[in-house]
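Mind having a look at this structure? Questions to follow.
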Amino acid sequence: MLLARVIGSVVATQKHAKFQGAKLLVVQPCVAKDGVLTESGNTVVAVDSVGAGLGTYVLFTQGSSARMTPMTKDSPTDAVIVGIVDSVEMGAATVEMPQ
Amino acid sequence: MLLARVIGSVVATQKHAKFQGAKLLVVQPCVAKDGVLTESGNTVVAVDSVGAGLGTYVLFTQGSSARMTPMTKDSPTDAVIVGIVDSVEMGAATVEMPQ
Amino acid sequence: MLLARVIGSVVATQKHAKFQGAKLLVVQPCVAKDGVLTESGNTVVAVDSVGAGLGTYVLFTQGSSARMTPMTKDSPTDAVIVGIVDSVEMGAATVEMPQ
Amino acid sequence: MLLARVIGSVVATQKHAKFQGAKLLVVQPCVAKDGVLTESGNTVVAVDSVGAGLGTYVLFTQGSSARMTPMTKDSPTDAVIVGIVDSVEMGAATVEMPQ
Amino acid sequence: MLLARVIGSVVATQKHAKFQGAKLLVVQPCVAKDGVLTESGNTVVAVDSVGAGLGTYVLFTQGSSARMTPMTKDSPTDAVIVGIVDSVEMGAATVEMPQ
């Protein structure tokens, strides 16, 4: 999984039937290093399965494993948000996420 | 999924039987950042499952999940277009796509 | 799928039984941009399923979908050539491939 | 698999049911080169299946194969720690890992 | 598949049961270009299924297809060596590998 921050959402009227009702969020991956989180890598659009909102820090899963939630089962989904991050502990440093 | 813009199409007479009749579109991935969409990353050839045209902004899915549409089932496809993007909302900024 | 040019082939006497008789081609991925094809990214070794030759421009599929051809079924293959490219149309520009 | 060092852990109260009780570790991938291990690439969050701790060098698996442990079966997991590294032998050089 | 050179091996006492008895080799990916092989990309740890040794040039497979050998079936493996490379032919140039 990757750490990421939710930075937006996608509106798409015309889409695969399995996406009807799904919340499609734009996430910016982050890396954890030297006690801080830093944005790194290209943005991804992920289906929300945990009620994440704009600005939330999340964990998202990619590939076939993204189909392992009730909301994404058998759908052409390759990215799904699977957790909302409270904090990341890196040795002495603990980064608390804004909720 | 990734955001992308359709920039072309591929003509291939000799191809796997499962691709007969499939529209093979060249898509340029985009990232959403600071309220705008920017092209980033290498182009990909994706099967169209939603009626996308040249210049359309789309969502496409990669990997095994690309086989989860009626058009790509059991085919050697690793990329499929699954939605046409109307707009991307990034906090205060909303990017409307040309249709 | 990715666009690529066939630039070579691999000879391997000792290999997994499922590769016996398979043609293993070295392909150089290309990106389509500004009306031309440009080589980009690292070379990959792909199983040929369409009769491609040296210098041919092809489409190849990666990941689990690479096992969705009769030649690669149940084999430890993660890349397969699935089409020979005649041309790539990019708006006003059409790139005809050498056959 | 990739070599990595465990550099932290993630606390997430709200998460997919399959992650309840799972230890979510932040790992920093490493490359083995010229007789030493060097950090390289973005951090990943992996489920621990072998009892790894902070500072441990591990092997982790990505993609669908990450679901092939009892702890991650059928869960939306795309990264799992599958081994604790004692040493890496590179020709004349042997790198012993701190345990 | 990718071309690679075996540059080392990993010793891991504590590991997933499916890895017991498996030889875990460190491979350095290579690209074939302009008639030569050049190292490129990060090292990967792959299960050996063909009897490769230190210094051997090999082909390795990644992702779910890495589970398609008797040695890796149902195991949390995402990389497996599937062939030993004798030579790579690139048009006029043939690169013979040290065996």
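So that you can tell them apart, the chains are marked A, B, C, D and E in the order they are listed, and the count of residues begins at 1 in each.
By definition in this document, a contact is a pair of C-beta atoms (placed from the backbone, for glycine too) under 8 Å apart; a residue touches a chain by one contact, two chains touch by 3 or more.
Predicted, not measured: the structure shown is a model, and the values here were computed from it.
Number of steps on the shortest path from chain A to chain D, with steps defined by chain touch: 1. Put simply, the C-alpha centre of chain B and that of chain D have 32 angstrom between them.
Between the CA-based centres of chain A and chain B the separation comes to 20 Å, rounded to the whole angstrom. With touch defined as above, residues shared between interfaces to two or more other chains in chain A number as follows: 62-64, 66-67.
Each chain touches the next in a closed loop, which from chain C via chain E reads C, E, D, A, B. Contact residues of chain B toward chain A in the complex are 1-3, 29, 31-33, 40-41, 49-51, 59, 61-69, 80, 82-91. Across the interface of their complex, chain B is touched by residues 7-16, 18-19, 24, 26, 28, 42-46, 54, 62-64, 66-67, 74-79 of chain A.
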